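Chains here go by letter, A, B, C, D and E, matching the order in which they are written, and residues are numbered from 1 within each.
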Amino acid sequence: MSDYIFYPGCAMESSARAYDISLKAISKTLGIGIKDVDDWNCCGATEYLSISATPAYALIARNLALASRQVNGSNTVMASCSACYLNLTKADHNMAVDPKFGIKINQALEAGGLSYQPGALEIKHILDIMVNDIGLEKIKSKVKRPLEGLRVAPYLGCMVPRPDYASRFSDAEQPVELDMLLESLGAEVVDFPLRTACCGGHMTQISPDTAFDLINRLVKAADDQQADLMVTACPMCQMNLDAFQGEMNHHFKTNFKMPILFFTQLVGLAFGYEASELGFGLELVSAKSALSKLGMKAPESDSAAKVKKPPKGELPMPAPLPKMPRSAEKEATQ
Amino acid sequence: MTELQTVDLPTTIPKHKKSLLSEVAARTAGKSNIEMCIQCGTCGGSCPSAADMDHTPRAIFALLKAGVRDEALRSNTPWMCVSCYYCTVRCPQDIHITDVMYTLKNIAVEEKIYTDSTAPDFSKTFINMVENYGRSFEVGLAGIHNLKHFIGRLPGMTPMVIGMLTKKGMPITPPKRIKGMAQLKKILKRAKELEAV
Amino acid sequence: MSDNNFEPTIIGFTCNWCSYRAADMAGTARMKYAPNVRLIRLMCSGRLDPTFVFKAFANGADAVLISGCHPGDCHYVDQNYKALRRFHLMKRVLSQMGIEPERIKLLWASAAEGAIFASEVSKFVDQVRELGPLNWNKQNGGIAAAEPAKEEVAA
Amino acid sequence: MTKNNEEPRIGVYVCHCGTNIAGVVDVENVATWAKEKLGTQGVVVSRDYKFMCSSLGQELIEKDIKEHNLNRIVVAACSPHLHEKTFRTATSNGGLNPFMCEMVSIREQVSWVHTDKVIATEKAKSMISGGVARIVHHEPLQPMSVPIHPATLVVGGGISGIQAALEIADAGYPVHLVEREPSIGGHMAQFDKTFPTLDCSACILTPKMVEAGNHPNINLYTWSEVEKVDGYVGNFVATIRKKARKIVEADCTGCGICQEKCPKKVIDDVFEAGLGYRKAVYTPFPQAVPNYPVIDVENCTYFEKGTCKVCEKFCPTNAIDFEQEDELISIEIGNIILATGYDLFDARKVSNYGYGRLANVFTSLEFERLTNASGPTGGEIVLRDGKTVPKSVGVIHCVGSRDKNYNEYCSSICCMQSLKFAHLVHERSGAEVYNFYIDIRTPGKGYDEFYLRLVEEGTNFIRGKVAEVSDTARNSEEEGKLIVQVEDTLVGKQRRIPVDMIVLSAALEPRADAKEVGKLFGISCSANGWLIERHPKLDPVATMTEGIYIAGCAQGPKDIPSSVAQGAAAAARVIGKIQKKEIELEPIRASVIEEKCSGCRICNNLCPFNAILFHEDRMVSEINPALCQGCGTCVAACPAGAIIGTGFSNEQVLSQIEGLLMLNIEAAATD
Amino acid sequence: MSDKPKFAMYWAASCGGCEIAVLNIHEKILEVDANFDVVFWPVAMDAKYKDVEAMEDGSILLTLFNGGIRNDENEHIAKLLRQKSKILVAFGSCACEGCIPGLANFSPIHEILGTAFSTISTDNPDNLRPQTAFDMPEGQIRIPTLYPVLRTLDQVIDVDYYMPGCPPESHQIAAVIDLVIQVLQGKAELPPKGTTIGAGNSTVCDECERTRNMKTIKEFDRIQFSQTDPELCLLEQGIPCNGPATRSGCGAKCPSAGAQCIGCYGPAEGVEDYGARLISSFASVIDATDPEEIDLILDGLVDPAGQFYRFNLAGSMLRASKAAFKANGS
């Protein structure tokens, strides 16, 4: 089975423990080996880049250098946090396209006896690995408890689909990978228009009003779609939407109770794990009631009935672009 | 809306290498394409936090081109950037706008010219933790930062904080230092020297 | 010879449709550039025979510039790709022959790119000036005059 | 010594070009030097003169040729692209073959680009030395004459192709007009109004279509495609695939009963741009020329399930023929005009504008159909539900144009088209209109006046490229609307403008198969996919392949007036060619020395003009001189040195290299 | 001495294969003997340089000179034979274009000597190098002085005819000897000076039986690593076969036997630089437009200069140029 070098990032041991627990659980079912980057350090999130570029990139590159020493067969680094994923990709990318810059970063690494050759590693987000490496067919085959009746809003956030480096696996605006994964688990995926909108990032700390506005938009949009819960692929998104939902409600005098889960937790449920094995309960807005729907056929909702058969006189709609992961699309056009 | 006012625009913009625009371009890792801006406003239109910015990114580029250094650097625009990269992927000229915002922040920090210190302080607090432990520490970070800047907000946050600590079980003690702390410090020291060159 | 005063002689091959016209345009716009390049007009960069390049080096040129229409814009559809391929192979052979591959340059310039043509020529001249006069790299087996190798046999 | 053992007697002429050259190059010195130092190469006369291109300068050459018995001429002056013809003529007037003249560009390549007089003079000398060394190996060349077939093939029946066909046909020459769709008319037939005059598109186009359809000199092939082209200028042979209409044209009266009775409704994504329906047997629109319908085999119930044949039952003239097959027709023509038009950019690619996801986002072509009186709504501007009249409409400019993510170029028509849309919305629905633009570009007769008219009409112009269109409301005002999020760059603030309908002014793109079309006809596409003209300014309708012309949007985005003008221009060029009856081909071309050719076939697929043929029986390759365009790629590639190229032979180029480097070698030798 | 026309043959820097090839013309050798008086042929008969020196200028009718000029002895004899011969033929690839010994021109002389005398496989503990002169009790002995480069025969003396091949094919030698005999008998005329004799005008492909199609190369491979179709052109199969650029005359022996042509017959008539022809033609038919892909394909040509100049490095345009000689002149 494939082995991956894993860069967990700081959140996995604190705010995103549910992500960590559920990832470890499902990786057993999927038969993937996970080995942490030995002695990894924080990627600096968006903060270090704000202060000073060279040290920020050097900080990131130390992880790349350490990981490249661990290459043994597979050179794929798996990241779970989208900020970590972006930072690792970004450092690798910029070192490659700007050789002068690459040399500078390597000079810094040298001080610690390290070096990194840009391009030596393939950096992938867990979602990419699940959809494109492992494949939906295989995931489907492992589903023991289809998530029927569960209306899920897929929320990917910013840094998995953007910026649009050549190596990115998804569309920058309307990616379909998370939708397809959740569909393969049997869940009812709502057409969530804000799937790549911003959760506010560190604005909860810097300009709370700005952040509350962004959180409100997301939660409201999911609620408008009658979603039972939202799933994310990023610790920061999860924390902002979950932990600050209360404060946001207070700010806008609303009363949303939208559970925010990691997508791996739903994969685990579908694979037949118990909620307790997947870090359920660690979320602040409880997912209990949403999950109680599991296994029950949801009543025919209005929106589902609305589509198909245009009434007389209605003009035809253009066909939407075919739904397929971007990587497959790339291959198809070659 | 602000009233039209006379801005102290440099009358001629020197074409030599040290123009503000090329300085920013040179300090941005990778290819920024910043000189290619056609002032279309896609960035400002896309920005989720544009409402809270004193200038839209587009306006910042105009200021940079015009050589209005202080106003460009003092702006809260880069500090309000949430790094969502919408502007970057939508820019018709392939300008790496988010990365340029980082560069502006770098220069502002270096020259200590910002109007509001909330955001720079948050970043600095964050990197202090990283420089000391090699890992970040969310609880400590939020605690220190909010004590400093949002002391009035703390009561409202209490239920959340309690939840975080009890329900979420987030650690309240700083993380264990990474083994290679000395190595990391050396790397960062060299990197800072290189940045200064 | 002191390299400070070294002025390289460069032979340039241009296609009739794009790069020669780019040179014309640089002229019309009075853009100044280094005088070291002498141009030879071919109908297309696809006409570029490696023999021409070797001949230029053999006859004392310090470098060779090959210039044509941008890929995809060739007036003969796609012949400039043939020039591109020959260029890549030539570079490999030249370096085995002891001639630095930096001494040949491939430049795509459209008829409208007089400025690019002028600045690229100047840049190339600087680059060759840096390399110094063509002097077959001895490590790679420089050819010497056909005189007895006295030093060696006297050992 | 030259090939034919004739002693070279060369005249060198150094032009002052007023002070253009003489101001930087010491021309007298150069002329004296040439006589002294290049005497051994055969230079017998060397002069400098104020303006060589003047009639006096030319006469000087003619006189010297006679008096000094010169057989070769080198003129050091401006770029050959300017005056090569002039001096070749002078050489020819002097009694020599015009190709015995060589120009050395010491103005564009020396005096105008260098400042140091000594260096410039030295460079001029070495360049003349190169020219002299080269001309020694020049040989007299004779242009080849080929007859011109009087017929012309016009590919593409849009307005540009129709115009070209009519001009040539009116001049009395036969035209074969080939159109891929069932009717001619092209995109223009889909429009309702044309900017800036707002005349009805159909009213001005239909007469032209009818004229083309009835013209005795025009053979119309609709529902047909060109499959193969062989030959060369004056003598092309094209194979046309006439796709099976499944209708016997001779019997069909165009009564339309079959369409009426056909039970199968299909979304028409060609003529109606996906906004309306047609039947499985159809003419694309009522004024179609020719007026015979086509059976769409892919959607016809009979072809899908084997039963139906309703059309056959009702056809009063028994014109339906389900067994009809494609027909291959071979035609001979002398010239070809490509007017293959454009495709509309697929707006679904800009996912942030929501086309394909949000019902009330329309493309420009859809909107054209919406406003067209014969369109799906009878010209009423309504939302996708088919009944609601919008109260506000947003028109977004530059969708897929001026954007490195899609197409870098400006599509040139979108500004005017968007203004036209705004006007039509005002006129037909009274809705509020917002035009979102980066720059308003109105360079055309009456165009800017039209813009001002729209300003007066109260259109809201917002300067900013739209960031996104969404249906996610943030407040009650936005509920149920499409929200345009944009930076109003003139204010410097982000705005969210709720509207009922969005129209995307989508880019014009090269036809999806433009590359294959180029390959078929042996012409090339630029990096962004448009067919390349011979010269962007001075020869916009000719191509690098003699006898093949381009017109209309195939060459690049353009509006109707320019498309018509190009169609007419291409026609004029063709008529001129036909009237000359024969054409002289540039003598610069390659040929194979048969004894040296070993038939290795390396050259065989190097020629984009298919000029190289291989004779299996003799195992040798041969170059068709009329097809050869003289690029010389095969000459350079022949491993046996069996291909020679006139005008740029190995001897000529190698000698020129020697000549150019002579000064350096000599300088080095005296070190 | 008989009054038969005189014949000489000499080997300079070469392997001796050419001599064998001459002897390999079977009974034809008797005709040589019948028609010529062999005056100097060190490999076949005893002769002294001083005997040649004593001859009258132009007294030898035909000299077949094989081998390149590597040392002062080679040069001396070349000049001597030129002086004494009416017709001097550069015989075989070494004399014509340098051949395998010419490949040493890739390396400087100290490296060559190093390889010969100071590698592990050489038993030379004191790291001695040969010296041109050495005093012995019997007197001074001399060995020839090595030149820094190998030159082709026509870079040293004037050559009348060229006969390519490594070695020239026996049937071609026989034909040339026939021709000279016919000239002697007044039945034929000599071709113009400078002509290449004993070879064809076209290239090896002309004599090759393999089927040929349009060429597009996606990958180059070495013949020892690939399975080839015995009927199909080797180049089309990605085997870098020099046949298209190599002068015909050998009968396409190598391609017929399943090996690629390596180019021993040299360039076709009128070709300025053999390698340049191959570079140009191979590169032209590579099927790629992307620079990276082109490089990837070219990586399959392991040693391009060796591939294109195996037989004529010494005679190639770059290596034979004045500039090249001058550049490292001292």
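A few remarks follow.
Here is the rule we use: a contact is a pair of C-beta atoms (placed from the backbone, for glycine too) under 8 Å apart; a residue touches a chain by one contact, two chains touch by 3 or more.
Keep in mind that what you see is a predicted model, and the values were worked out from it rather than measured.
Annotation of chain D and chain E: jointly contacted by C, touch as defined at the top.
Among the remaining chains, those touching chain C as well as chain E are D. Setting chain D aside and leaving every other chain in place, the chains that still touch form these groups: A, B | C, E. The chain with its CA mean position farthest from that of chain A is E. Counting C-beta pairs in contact, the chain pair with the highest total is A-B. Centre-to-centre separation of chain A and chain D, using mean CA positions: 47 Å. Put simply, the C-alpha centre of chain A and that of chain C have 51 angstrom between them.
Between chain B and chain E the centroid-to-centroid distance comes to 71 Å (mean Cα coordinates, whole Å). Work out the mean CA point of chain A and of chain E, and you get 69 Å between them. In chain D, the positions touching at least two other chains are 352, 606, 633, 636-637, 650, 654, 665, 668.
Shared interface positions of chain C, defined as residues touching 2 or more other chains, are 49-51, 55, 59-60, 71, 78, 82, 86.
Touching of two or more other chains is recorded for residues 272, 277, 280, 284, 322-323, 326 of chain E.
Contact between chains, per the stated criterion, is found for A-B, A-D, B-D, C-D, C-E, D-E.
Those residues of chain A lying in contact with chain B across their complex are 10-11, 13-15, 17, 39-42, 44-55, 57-59, 62, 93-94, 97-98, 101, 104-105, 107-114, 158-159, 162-164, 172-173, 197-198, 200-203, 205-210, 213-214, 243-244, 246-247, 250, 281-284.
The touching residues of chain C, when paired with chain E in their complex, are 49-51, 53-55, 57-60, 71, 78, 81-82, 84-86, 88-90, 92-93, 96-97, 99, 133-136, 138-149, 152-155. Of all residues in chain E, only 69, 72, 105-111, 113, 129-132, 145-149, 151, 155-156, 272-273, 275-277, 279-280, 282-284, 286, 288-289, 291, 294-295, 298, 301, 303-306, 308, 316-330 touch chain C in the complex they form. Considering their complex, residues 1, 38-47, 50-51, 55-56, 58-59, 86, 89-90, 92-94 of chain B touch chain D. Residues of chain D that touch chain B in their complex: 352, 398, 402-405, 438, 463-468, 485-489, 491-494.
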